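Submitted below is the structure of interest, expressed as structure tokens.
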Amino acid sequence: MTAASLMSRPAFGLRLPRRAVRPLGRFMANRGAVVGALILLCFILAALLAPWIAPHDPLKANFMAVRQAPSLVYWLGTDELGRDLFSRLLWGARSSLLAGAVSVAIALAIGVPLGLAAGYFGGMLDALISRVVEALLSCPFLVLAIALGAFLGPSLMNAMIAIGLSAMPIFVRLTRGQVMAIRHEDYLEGARAIGLPDRWIILRYVLPNVLSPIVVQAALTIASAILAEASLSFLGLGQQPPTPSWGSMLNTAKNFMEQAPWMSIAPGVAIYLTVLSFNLVGDGLRDALDPKG
Amino acid sequence: MTAPLLSLQDLRVRFPGAPANVVDGLSFEVSAGRTLAIVGESGCGKSVTSLALMGLLPAGTDVSVARADFQGRPLLELDEAERRDLRGNRLAMIFQEPMTSLNPAFTVGEQIAEGVMRHQGLSPRLARERALSMLEKVRVPDAAKRLDAYPHQLSGGMRQRVMIAIALANDPSLIIADEPTTALDVTIQAQILSLIAALQADTGTAMILITHDLGVVAEVADDVVVMYAGRVVESGPVQAIFDDPQHPYTVGLMGSMPSMGAREARLATIEGRVPTPAEMPEYCRFASRCPFAVDACRAQRPPLVEVGPGHFAACLRVPLEVHAGACA
Amino acid sequence: MIGFIFRRLSAAIPTLILVSLFVFTLQKLLPGDPVLAMAGEERDPQVLEYLRDKYRLNDPIAMQYLHWVGDVLQGDFGRSMRTEQPVTQLLLSKLPVTLQLAAWSLMFAMLIGIPAGIIAAVRKGTRVDYGVNVLALSGISIPNFWLGLLLILLFAVKLQWLPASGFVPFSEDPLRNLQTMLMPAFVLGASLAGTLMRHTRSAMLEVLRSDYVRTARAKGLMPRVVILKHALRNALMPIVTLSTLLFGELLGGAVLTEQVFSLPGFGKMIVDAVFNRDYAVVQGVVLCVGIGFILLNLLADVLYRLINPRMRTSA
Amino acid sequence: MKTPDKPILEGHGLTKHFTANRGFLQRAAAPVRAVDDVSLTVRRGETLALVGESGSGKSTLGRLLLNLLEPTAGDVIYEGRNLGNLSAQELRKVRQDLQIIFQDPFASLNPRMNVQRIVGEPIWLHDAAARSEREDRVAELLRTVGLAPEHAERYPHEFSGGQRQRIGIARALASRPKLLLGDEPVSALDVSVQAQVVNLLEDLKQQFGLTLVIVAHGLAVIRHMSDRVAVMYLGEIVELAPVDALFEQPLHPYTQALIDSVPVSHPKDRRERQVLGGDMPSPSAPPPGCRFHTRCPHARPLCRENQPVFERLPDDRQVACHFWREIASAGSGSPIVVTPSTAFSQRLALFKARQSTLTEPHP
Amino acid sequence: PATLRIGIQDDPDMLDPHRSRTYAGRLVYTALCDKLVETDADLQFIPRLATAWEWSEDGKTLTMNLREGVTFHDGEPFDAEAVKFNLDRARTLPDSQRKSELSSVESVEATAPTTVTIHLKKPDATLIAQLSDRSGMMLAPKAAAGADYASKPVCSGPYEFVERVQQDRIVLKKYDGYWNKDVFHFDRVVFMPIPDTSVRLANLRSGDLDMIERVAPTDVKSAKADAKLKVYSTPGLGFMEMVVNIDNGSKAQNPLGQDKRVRQALELSLDRDAINQVVFEGLYIPANQALSPSSPFFDKTKTIPARDPEKARALLGEAGVKMPFPIDLKVANNPIAQQIGQIIQAMAQESGFQVNLIAGEYATQLSEQQAGNFQVALYNWSGRPDPDGNLHQFVTCKAPLNDARYCNPKVDELLNEARVRNGLEERKALYAQAQEILVDEAPYIYLFFDPRLFVARGDLQNFQPQPDGLIRLENVRLAP
């Protein structure tokens, strides 16, 4: 880098708002991202407020009202056991959003430290971690998920663990790559020159500076995790009855695609919108956090 | 003197959403065979000026000009197709970063030949021959072999030579060189500068040389425009600028260059920094850093006044020794 | 190049060992007795014990692993416990289906995703960009099994334009093969196309900002040439990586699509094998997919070298 | 200027080879010989400059001296102690004494930390001072480098390049170092700002009795700042001499070429010049014999075969060239310096005078 | 078309009747392998490869006359030696799954080319039934001696093996040398495993299949409404039950396992009819015994108790358990089982139970059940023609499928006795007595007999569904 190229970056004014505000501003300027965030907010609220806003008990079967089409009583219709789909949809938001969030949390919790270690220390450790990640990557997701689901017993938590584990390699790779990219940055060398211990440098210097692509990837992974939960439900490995999740609702609904199409429409649209929103938000984050704009 | 090749009056550039013009009323002329240097600190709008002339600014950028006459044609009023025909043909550019300005995926021969084929309609074979002769012309050793080399196989100096070859391939009448040597080592910088000088003498091409290094200016320029924050603060023949700098900014700039002679006293400094676009005042943009500034400087935009033959300065307080010396 | 390929392949050995160890560990962790699962309604204790011995299930896991490695090194992947078919034969019979499905859907995805990504990047911020993006996201967001069923109901049951299932090898009846592949390839391709489009878009945006694209424009080249030659060539790197990754994923994982369209591919086989605890098959498939992955990565690297001359000399 | 003689830091036979990590089972590439068998002494209180082309190993040598890189061979002696033999504990102590300033003011500060934390961290690490005490120290340091204490709450991106470089210097000073390595501390800055930082470094050196090692390729700055200059080429020091001697009578042909390629400072000085041809060879495959022979206008067969010794000459000079005597008398080099015009000198004097009467403005 | 494509639910396991275990396999064997004895729609035994059979007075010798002129698909002739080979193979092959079915056989003797004599250790009333299933299937001896038999089976049925693509299809073609080939009208029969019921039906409706088995009850209505399709249904032999852990490890040590009143209460909390309506569209047959109405052994006297939550609560109170009484119910991870589980959960709740559903995939469920790691499990049994096959191996003390570890010497005695008696009425009485005890002690709570549901294209003629669910293709043809 030369003087000129460096200085041609915009000079930041002291009276300009802080950088923290700027990405937010850029994010808010992105219409798609804002719409996505609003939809998500609605779903999150729905999930949180489900006990209060759900018109019916999501678990209460009504054998007199099996598979009824949407009506004034049952806004979105009822399912194969006569349970209110709208209420189940609200409650299902809990499992599905949780599935997304927790799996990504698991992936992050394992992937990021491994990636940090591999990228920062390099050498044998890096080789070892990279090989393991490669091996994990070549082990098909569903094998892992089925095996884990079978091993731990099918449940939402275990589906989340499986999804998290299989999403983990991406984060290792991403983090490692980012760390490699900044490993020789002067501020790290400066930190070493002061004599700061590696642990501290990784935590205070490396991590914050590799975080933004990770955040973006996390948003996108949440979306795929929600879909993955639906897939696992299809194989009977996701959220277990009678607790609703969108995936399991859709899975049951597929047996009644013709007799009761409304059963699949509600969870289908919910999944679609959520995944779409997470993707939109992820996109927005990426653009907002990318200094190159 | 013949009619200038390019005559620019009152160029203004504003980026969408920006609070002030990045280039604000820039005027200059370049004649065939001459070298005009544009000097100024980083961020003062030098590159933006060159991109505006080339028509390469991002879409949506607001560019206005009172007059931009290039070989008798209104440069900024041409439509996109006409400008495309001009670019790389009559009007060529050399960029600052030789390491990133060449496409890593194609051989240098191809990258030179491409422009030749585009503008001269030569066959690939002839274009390749032309590329070879261009490489020889910019004194790339082993040119025939290097023709099929990829950029990454060349050193920075070599790459900059290739960039020059690309620019010269269609015998342009004007070359805009945006800091062509900044990224290079001193020894390589010297090579490139002397190459450019020699080629220019050969072909009679006019050149706008953008730089922040006064040494480079001293070395090759005929005329100089000193820019500060998007405006011209001083312009004139190179001798006049070096021997008779009038604007306080020019004086400060020259004084802050350490000399190669025996060690002297402390360097002069210009305190403060370039105002950001948000802070650009309508009045003299240097006023906030100028040790000579008076209230009048903050009241109006100082006009460019002729202080010598062809030598202009935009300062209310020139000549300094008269105005400032008196009240010092 | 040959030397490079050889080196890469030998470097893949530890990965394969890890993959196989990994599968063995998973297998060991799996609950459920394979012999019992196999026996189902018939549970003669003597027979169960005999089968356990026969499949070395009573051996320590390390021994089982060593035996298996030894056999694999001799080209023997064992036999399916469930049907006694040789795993090699099983793999060979499923591979064409899986490969075809993967190839068709990837091709479909590329034909849609890459041009769409380029257009979106070039028209960044316009309505075209938004439209393409929303379409791409839709492709990503619709669960495959659901879309698949919907298509079957529409095109196979209602309209009767396409067969609902019944894979026919391309060599046997190309037309019929295309017909059976159309819907599954669309279902899989739709989500891949979305992913590809988005990556193409961001790679293109990145490249369009680069200095050499500016140089190309400064040469007065036509926009078409600038975009399709100078920019795309360089944006291809991440696209190639992604495509090979996606292809690799398809090798092991078009499970739901295969299920819905009754395609006898790897995905379906592996799900059944895991559920039935047919370990030899699981191991065979995973190893095969692992090898596939490694070959794909190799292919990606070879392609890199073709696209990016910088990597050729730094081999 | 008097040159104190006591060494503070010595390098003996320092060598650094970078081997690219090629991974398991892959052919190793030839190592990059970034620094090859270099010995030099840094004297207490002096300013030593390392000059050379890009890739000649200046930064690597600097980092070796500061023990930021593990040498492939050779020793670094700091105040009589071999750094290679110290325990982690002792090394940490030594780290306080040896600090570094980086070239790129945009890359050398952690963008996620505010100035208070950036500058306060070394104090926290080495002194375990109380929080308020630390804040006072930071404020004082900021004042020392010409920033306002109020700046402590801000983040690096809120500063201009020159100000950031000052923050970097403040951080380096925070652990009360004895020696400061500047790795191209001003070359990323605009001339006007560059001058501010050069002046600041000189002031600090006086104020704290620092020893400076300046890595640079801008010769004018070197000339202005340093006491002695070491010229590097392809991982080796080819000439080492007091600054005036070096600039007035360069002995090594490479030094001559370097000085010769500096642009003139005035259009009147334009002249035909002898431009050094070619590029620096790759450090992973340095040429045999004298490493400079591929570009040297005076090269003879001997240069191709024998590596010249790094000869010690009178007047505190050292040079590594077989034929320096003949070449030196050939009389190349030594830049022509034109005295500035009276108009300019007068206005500059006026400018400086005005400047100093104004109180230092803090933006 | 001369091909019949049948969509089946699961992929069969190895195609060796002596070693195979799956129900799906039996579907294929019906076309591929002839057996000595056949059953008709009323579950009566009728001749097939054996044209006649006769019991000795003491019930310990069975003599069978064999059909003449029968050849295996590879041309090998079928004779008494072949029968001996097959029965011996089924009894002695180390991994034969038929050993227990033929455990009463002491030796087999080819007394003449077309006569075979089977000597038994003790009388066995179930033997003919066994010989009407896989134990009585005749494989070509030469081929069966080879190692690769399972992947290329050779029998003597109306259709011979062509190819198999695992999980995709099993193709059979008509065997020209079949002794009764004129009543078989398809040149080829293809079995295609498609596990998902809705996909299976969709394939039938799109014309990619000609016939499907195990149709989802919820799909029956729409299939009936489709003029192009025809629905077949007959009561089956298989049943669905809840297995209660009586004495299998620590999970049995609770009132549910120890006190029959709690189990009775659980049963009383269920409304089988309601479940039938909600889940099965009323197509299933509620059960409280192991013997289906289609079996001659069906006990008409056992009426299904009506749902009675009050009484259930009272029983729970008597048993002294605290309500709500928590129980774990294991269900398979398929939609039907889960629906039933959820309904049971809802119904039992009103009777003072708190049912906790635990879904598991098949293999795990099976091991856990055997290991005693369950309290109650929902279980399906495909059914056997002879009552012994539906009772003895579940409820006698040492029986292999007795996951409940229920043990009542009286029951053992009755069921063992029923094995060696030959008269229908005599046996019927014994089974009735045993079931009396079982209903009272309720180690197994029977829920439903599943009907055999098929859907085929409308122009398929002469197909007759049978209680065992197997598809017999005699005379079946497409309308011209």
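Per-chain residue numbering starts at 1, and chain names A, B, C, D and E are given in the order in which the chains are listed.
One rule holds in what follows: a residue touches a chain if its C-beta (ideal position, glycine included) is under 8 Å from a C-beta of that chain, and two chains touch if they have at least 3 such contacts.
All values derive from a computational prediction rather than experimental measurement.
Note on connectivity: the fewest chain-to-chain touch steps from chain B to chain E number 2.
Of the two chain pairs examined here, C-E and B-D, it is B-D that is joined by more C-beta pairs in contact. Between chain A and chain D the centroid-to-centroid distance comes to 48 Å (mean Cα coordinates, whole Å). Centre-to-centre separation between chain B and chain C, using Cα means, comes to 53 Å. If each chain is reduced to the centroid of its CA atoms, chain A and chain C end up 22 Å from each other. The distance from the centre of chain D to the centre of chain E, with each centre set as the mean of the Cα atoms, comes to 88 Å. Within chain A, residues 2-3, 6-7, 11-12, 16, 150, 153, 235, 251, 254, 257-258 each touch two or more of the remaining chains. Residues of chain E found to touch two or more other chains are 198, 361, 363-364. The set of chain C residues that touch two or more partner chains comprises 14, 31-32, 149, 153, 259, 275. Only residues 41-42, 141, 155-158, 185-191, 193-194, 212-219, 221, 238-239, 242-245, 248, 251-264, 266-274, 291-292, 320-321, 324-325, 328 of chain B touch chain D when the two sit together in their complex. Interface residues of chain E, counted against chain A in their complex, comprise 197-198, 216, 218, 221-222, 274, 277-279, 332-335, 338-339, 341-343, 345-346, 357-361, 363-364.
Listing the residues of chain C that touch chain B in their complex gives 210-222, 230, 233-234, 307-310, 313.
Contacts from chain B toward chain C in the complex involve residues 54, 56, 84-89, 92-93, 95, 97, 100-107, 114-115, 118-119, 150, 152-153, 163, 166.
Listing the residues of chain C that touch chain A in their complex gives 14-15, 18-19, 22-23, 26-27, 29-32, 130, 133-134, 137-138, 140-146, 149-150, 153, 198, 202, 209, 248-249, 251-253, 255-256, 259, 267, 270-271, 274-275, 282, 285-286, 289-290, 292-294.
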